[in-house]
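Here come two complexes built around subunit A, the first alongside subunit B, the second alongside subunit C.
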Partner chain A sequence: MTRLIWLLWLTLISGSLAIFEDQVGKLDWRKELVGCPNNVVFDKVERGSDRIILTTDEDILSALSLNTGEIAWRRILEKRTNPSYTPVVSTSDQDYIYTVSDEGRSIRVFRKADGVLNWQYLLDEEKSEIADIITTSTNIFVTNSRKIAIFEKNRETPIGVHNLPAGVRFSKFVRSADEILNLVIRENSQSIDVRSVSPENVEVVRSIQGNVKNIEKCEIVGENLVCYHSDSLTVFNVQSGTSKDISTALTITQIGGNSKYLIVRSQSSVKIYGENLLEVAKIDGKYDAFSLSNDYLILASKGEIRVVSLQNGNVLFKTNLASSETRVSPRRIYASSTKDIELIVIGEDCKIEMIVIEIGKQAIIEWKREESLMRISAVEMVDLPLSESQQLIEDEFDEQQHNIISAFIRRIVVQIGQIRRWAIRSVEQLFAITATFSSKNGNGFSDFVKSVKQSASTSFSKDGPFERDLFNIRKLIIVSTLDGVIFGLDSAGGDILWRFYLGENFSPLKSEISGNSQLPLFVQRTTAHYQLNGQASVIFSDSVTSNGIIVSFNPITGEIVSREVLGGKIKRVSLLPNIDKSTHVHPLIILQTNGAIKYFPEIEEVQGSLHMLDVEKDNRIVGGLKINLAKKTIKKVWSGNLGLSQNDQIIAIKGKPYNQKVHSQGRVLIDRNVQYKYINPNLAAIAAINPTSQILTIILVDVVSGQIVHSASIGKAAGPVHFVHSENWLAYSYWSEKGRRTELGIIELYESSDSPSQKETFNSLIPTEHAPVVMTQAYIYANGVEAMSVSETEQGLTTRSILLALPCGNIHEVSKRILDATRPFEVTQAMREEMIIGYMPEIPIATEEMINYNQTIHRVRGIKAAPAGLESTSLVLAYGTDLFFTRLTPSGTFDILKDDFDHVLISLVLTALVVGSYVAKRWARANALAAQWA
Partner chain B sequence: MKCCLLFLTFSTICFAADWTINLEYSLNDFSTSSPLGTIELRRNYDGNYTGSFKSSQEKDFGKKLLEAKDQTYSVRAKSSTQPGQEFLTTSKACLLLRSNLFHLFWVSTNGQQLQTITVFPDPVASQNQIEDPENPQAPSKTCQLPSNHVTSGAPSGTVTVSTRGVLPTPDTASFVQRIEQEKRAKQHGADADNRSFLAKYWMYILPVVLFAFLSNAVNPENQEGGGQQ
Partner chain C sequence: MKFVTVILLSIVVFCLADEETNVVEQTKFSVEGEIALPSSRKCASWSATSRILLNHGQYLGFVREDCTFRVDNVPSGTYIVQIENIDFVFEPIRVDITSKGKMRARKLSVMQPNNVNQLPYPLKLSVRGPARYFRKREEWRVTDMLFSPMVLLMAFPLIVMLIIPKMTANDPELKKEMEQMQLPKMDMPDVGEMMAKMFGGGNAAGGQPKKKSVTQSTSQRRK
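Now for the complex of A and B:
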């Protein structure tokens, strides 16, 4: 019976959670990305549209349309665990793309037209740092650091495998004359082994003497192996087995070329070497990248593109793209030339641009893609500025003086303004309606209703004025990326409203705990103070001096307000809860590694103290710091080892958002008593895992006093561990080795007494009379978890939902009612009346609860939730390989009319009724009169 | 003799389980420090520890605290099971004075390891007397003490020991058991329901009967009426 009720309840709830077919894409959007390319191949076909095939730093293979830049198809391959390992390498022929991925372990063949996997083969169990692949008309040759494998193109098993000796650190193929050669450099070896590779046989044909120190500085150019070292260049001729040294008198930064020419780039010039390594030309100037195509050499710098003839070095075409301040230096360029030159420029900011150069005429940027959005570090959602009428209303109530006449005049002015705006808007709408009427020849009633509806929706659309809407649902999403680009996105459709690059010397900050790179983003002044512009800041370090830099900007326009260089490295940075009275700015507090404390912006009158958690990662000593804000002194107030041993690795430390709202203080029990939540704003959760003993420990510690409110551990647990810390609870996920499954746990804290012990403010220095009651529960979750987050609403009244990003590309919304520590084992009749759900060991996964329905998003790294103006609604942005934004209503749309609510029909019926009743009244009176006369 | 030996070994186990934490306090960030006392932790039969605080019996503890009433009161702890490690905790001298020198030591342990120790003023005493919970905006205000506060005497205190718990695992066993139980109960219930057919389904039969009765009651009249015409 209970199960039946449970199922019924579930179907009811999930039915209300799911969206209808016509709501697809209405409240949500998705942005698909491919990542920062490290290799681009032009794929020109006779029929169909031209494409470019990219392999990217994020190990994604994709095909983009050359004309529009849209993704034709995309295959997400295994991500490298070590960034120094080789990315996906690929080669292609007429119909197929051949790749080595998964750190040199798998060979996969994809069909070019649609990216369908044709076949795959596991080359090796172990990972390999290097890999290369080459094809002939019938065969595929693959190498990694251990072997060379030979395949036939249409068979998915190798026809021959040749094992390489140990210690290979370089292995590449060279297409030389009519044979394929393989070059191998081993560790501590003075020679390069050349193997001739054919389907029948692999044998060492010769070895070239020569000491190669730095294999990163070796390239296969044409049929030669070219290595460089400061200003000297060594060219190993593979065919003859000879080597030749030349001095270029330049500090070489990049080499490249084809079978005829060798291009050497230095900081100040580019040299072209022709046959027999004779210098053809020298082009002076600072260029960042070059590419060869037919007889052209294309050079690109920050603001300039130059096309040079390879034969003589003459400049054929030169163009300035834009003012060089706004442009970013290119990282790589790829060119293809038929009649015009098509150039793909990949900037240092991971922006892909397609430029068509008509020699002698012009260069046009055809399209661009912002691929740095794949590496988002931090997200904030900012309210849009108040609209004019809202500002007027704010002004009216802002006034301090209470002169009746002036207040009256002000009121009249405001209302005239409102009428004026209303009139303008209605006229605009009327025009829109007439426009739709004139464009459509259908004149049925349904057409009329449809057009009215459409015009109503366009007034709420993306092209409207950039101001806050009625329910504050449209926001501006600020995003900081690890490539050093800050974006402002419109939450209505995901359009990029503004962007800026943080500069050449950008380097993200590194977290000491997780070792991850971060680019922290803080909103210092929201748009709530409408007289003042908002202010947001990002903090990063200079890659050269490693000093901290703070860039603050206006979040609405993306205008940079200031750029301040700090005098030292940054240790910690945090937003102060204190506010500067005159500017309404929350200052940043910056702890430097030299012990200095800085505020940004500088604040004069600051009082009180700030407590911080300090973790010495190596010694596993955790302590509390008290920072006297006025005197800028740091004092250790508590320290302990938190029971962490040397093998324990702290995975994550999470406090609570300082502006989180908790609406209800307690939870009503079934016996009508209230159990009060233990809401300690100073509580931080620490999760640590011991990989040797497989013990996961979760510690809840009060940062101010150092009191461990609760600590618990579980054996046979492994990562990935994710957790969210909110209100009075902590939800976590881990892999259970014992059950071989993912499990979700929840810890809830309640006051042990009947009344809240600390009513107004929480004071960590005074303990609660009794230790808080800890309630815990765990559930089986039949899916992996990649990221975890929790919904946020305006007042914190709506039941929260936990958002789980799954490896399959879905985001699962689990209500807190289900992931709850207080679900009873025995459900009595009274509990059933209260809709309490009994304990079931598994969290059900229903497809209706996937907030991104069929819009899969991969490799989710984080989910950001922000409140909208409506209490029921939470705005959610999930980011990873793709971006996905949607509105979430964790408890249903209780304060919103249904999407299909027919305003027009209802108003029509109402007016018809009123008119009808009036007519009927007249009619009745006339009838009555007539009856009396008769 | 055997019995005696057993007792001896048992007692040594008992004593080995004993565990002390030495405390010293300072009112000037450990420029000078004095002993505060020791916390003795003793293992219960159920494996948990209970702690008791033995004061150093320093007579002018209260007076020292009163002299430095606006200062930070720091306590340093050394556990006998973790040589070389120091644990630090601080409170405010004023809070201790308000709670009549009564301490609450919150000791958090993991097996025989001390995780952290936190010194609190006694919650009952301090909570009653705090009219103005410490305002973070005005921390420079000097310590206000009630008129009846005690400044003489040695420190006293209680110890709360919290040990590291165990995180739960999904409770499949009891759930399956409950489902089984329910199933069994249902089967039993179905078998046990040996009421008569009428007693069980009267609610379905009654309307049918009523309908038949009513239609019978109406129809004869109609027939009669028809006959008259």
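Now for the complex of A and C:
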């Protein structure tokens, strides 16, 4: 019976969380990404659409349409554990793509048309730092640092595996005249071994004498192996086994070429060597990348693309790309030429651009993709600026003088302004509609519908004034990426409104606890002060001097306001809760490694003190720092190891957002008493794991006083551990070795009933007679967890939802009512009336509860939730291999009409009632009259 | 026939394993299986968007055109096998690999991990159902409206009010009886007049109620 009720209840809950099918794409959007490419292959087919096949730094294999840049298919392969291992290497023929993935261990063959796996083979059980693959018409040759394997096409068992000697640092194939050769350089070896590789056998044919110091500076160019060292070039001829040294009189930064030409690039010029290594031409100028295609050499720099003839070095075409100041130097370029030259440019900021060059005419950027969005570090959502009319209203009430006439005039002005704005908007809409009608080319109805849709979306995102909407649902999402690009995204459709690059010397900061790179982003002044622009800042370090740099910008326009270089390394950075009275800016407090404290921007009048948690990860010492803001001194208030043992590793520390609003102070018990939440803003949660004894320790410590509020140990636990710290609770996920499953734990803190509750302001230093009441519970979760977050709403009244990113690409919304520490084991009648849910060990996972339905997103790095103007609504951006944004209503849309609200029916009923009442009135009157006459 | 091929295959696998153990102690194994899709979907297109996850992504595998898959390089241990896709819901399976490479598959039950519900190996995964992500919109149906409690509450008395007087009209005796019962004394408010009162403005509000009761009782009596 209880089970039945439970099921019934579940269907009710799941029903309220899921969305309707016709809401798809209305409230949400997804941006699919492929990552920063490290190799691009043009795939031109006679029929249909040309494609490019990319392998990326993020170990993703994908095919993009060459004409539009849209993803045709994408396969997410194993992510490298360490960047020193080999990335995905691929080669392709007519129908298939042959790859070496999983750090050089696995050979996988994918169908080119749709990315379906054809066959696979495990080459090696160990990881490899190098890998190469090459195909002939009948065979596939694969090598890593230990093996050479030969396959027949379409057969997944090798026809021969040859083991290489130990210590191989370089192993690559060379396609020589009529055979495939393999070149191997071993550690501390004075020679290069050349093996002839054929389906029949693999044998060493010759060995070229020569000392190769740095194998990173070696390339296979045509049929030769070319190595460079400062200004000298060594060309090893694989066929004859001879080597030749030439001096280029340039400090070489890159080499490349084909079987005929050798290209040498230095900081200030590019040289072309032709047959017999004779210099053909020298092109002066600073170029960052080059590519060869047929007889063309394409050179690219920050703002210029130049096409040069390989035969004589003559400049055939030159173009300046617009706005060279905002452009970033290219990292790699790939060219393909038939009639025109198609050029794929990959910038230092991981932007992919496709440029079509018509020689002698023009160069057009066909499309671009921002792939640095795959490596998002921090996200903030900023309110849009007040609209003009909202501003006028603000002005009206801001004014202090109470002159009746001026107030009246102001009122009239405001109203005229409103009318004018309404008129302008309707005219604009009218124009947009007529434009769509006139642009209709008669290509059928579907085209027309598409164009109407497009114009509707563009008029929403571009033409309309960029201002706050009625419910403050449209926001500007600021995103900082680890490639040093800051983006401003429109939350309405995910369009990039502005972007800027932090510069060539950019290097992200490193977190001491997790060891991850970070690019912290702070909103110092929101757009609430409408007379002043907003201000946001990012902090990073200089890759050369490793000094800290702060770049602050206007979050709405992306204009850089200032760039300040600090005189030292950054140890810690945080936003001060204090506000500068005149500028309304929250200053940043920066602790430098040399012990100095800095504010940004500098403020004079600052009082009080700030408490910080100080963690020495390796020594497991946690301490509380008290910073005197005026005197800029640091004092250690408390310190200790919190009972952590020798083998414990601190894996995560989480405080609470300083501006979190909690509007429901307590929880009503079944006996009508109120249990007050223990809301301590100074509480930090520390998670430590002991890999040997498999114990996960969670400690809640008050940063100000050093008091351990709660400490818990979970046995037989392993990572990954994720947690969410909010209000008076902490939810965490871990892998239970005992049950072989993921478990979710929850700790809730309530004030003990007899201690005076600190409802207004919490003070850590007021001693309490009793420790807070701790309630804990654990639940079974039948899936893995990649990231965990919690919804945020305007006032904190709405029941929160916990968001769990699953490895299969979904984001699961679990209401806090289900992941609750106070669910009773036995539900009495009174509890049932209060809709209290009894304890069930498992948290059910239903596909209806996936907020991103079938719009899956993989390798989720984080989920950012921000409040909208409506209390019911929370805005959520999940980021990983894709970006996914949606609106969340954890308790349903209780403050707005549902979008399926039947306006027609209700207006029909209303009019019918009004008409009916008039008719009835007449009828009644006539009746009454007749009755009187009777 | 299929059974025979399975046996043959397993023999082949066994032979291969045997051969390798002679050379080097094998420590890494492969998890193999096949997916059975409903007949409406073909694997050739479906497998482009699916992956096999072992222990929530610790090991990865891809599904081939013919719906088979193999996850390589897996050391001995216990693994949860999941199929990542957007169209169907699959039953998760637990696979145990012994240090000698013996495979054992069973239904995954997170509630009772020690409960053994053995499944055949190589794995055979069948679809539990299509993945439903959306709620159905409530469609407006006449029956829904008619049987809603509000409508029933309104309609039933209305019917009684309208039909019973008609029924009694043909039978004078019953009519007399009804009149004697003095049912109409309850002074049922006239819907039309109520509306008129509400929407018809305040001018009539003062005088009308008295008249109303008069007219009502007279009209009743006349019937």
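Worth a mention:
Criterion: the second predicted complex is superposed on the first by the 839 of 934 C-alpha atoms of A that agree within 3 Å, B and C clash if a C-alpha of one lies under 4 Å from a C-alpha of the other, contacts with A are read in each partner's own complex, and residues count from 1 in each chain.
As a working rule, contacts are C-beta pairs under 8 Å (C-beta built on N, C-alpha and C of every residue); 3 or more make two chains touch, one makes a residue touch a chain.
Everything numeric here is computed off the predicted structure, so don't read it as measured data.
In the superposition on chain A, contact of A:711 is made with subunit B only, not with subunit C. Shared-chain residue A:842: touches subunit B and subunit C both.
Once the two complexes are laid over each other on the shared chain, residue contacts for A:825 go to subunit B alone; subunit C is not touched.
Contacts of A:862 after superposition: neither subunit B nor subunit C is touched.
In the superposed model, A:22 lies in contact with subunit C only, and not with subunit B. By the touch criterion stated above, A:701 is placed in contact with subunit B alone, subunit C being left untouched. In the superposed model, A:739 makes contact with both subunit B and subunit C.
Of the two partner chains placed by superposition, only subunit B is touched by A:778; subunit C is not. When the shared chain is aligned, no partner comes close enough to touch A:719: not subunit B, not subunit C. Looking at subunit A, you'll find residues 738-739, 780, 841-842 touch subunit B in one structure and subunit C in the other. Those residues of subunit C lying in contact with subunit A across their complex are 27-28, 30, 44-45, 47-48, 51, 53, 55-57, 60, 62-65, 70, 72-73, 78, 80, 82, 84-87, 89, 92, 94, 108, 110-111, 113, 131-138, 140, 190-193, 195-196, 198-200, 211-212, 214-215, 218-219, 222. Interface residues of subunit A, counted against subunit B in their complex, comprise 1-3, 607-609, 623, 635-643, 696-699, 701-702, 705-708, 710-714, 736, 738-739, 743, 745, 747, 757-758, 760-761, 763, 765-769, 771, 774, 776-780, 825-826, 839-842. Within the complex, the subunit A residues that touch subunit C are 15, 18-22, 24, 73, 75-78, 102, 105-106, 108, 111, 114-120, 122, 125, 738-742, 780-784, 786, 806-809, 841-842, 847-848, 850, 853-854, 856, 900, 902, 905, 913-914, 916-921, 923-925, 927-928, 931-932, 934. Subunit B makes touch with subunit A in their complex at residues 29, 72, 82, 85-92, 95, 104, 106, 108-110, 113-118, 120-121, 123-124, 126-127, 130, 133-134, 136-140, 160, 162, 164-172, 174-175, 178-179, 182.
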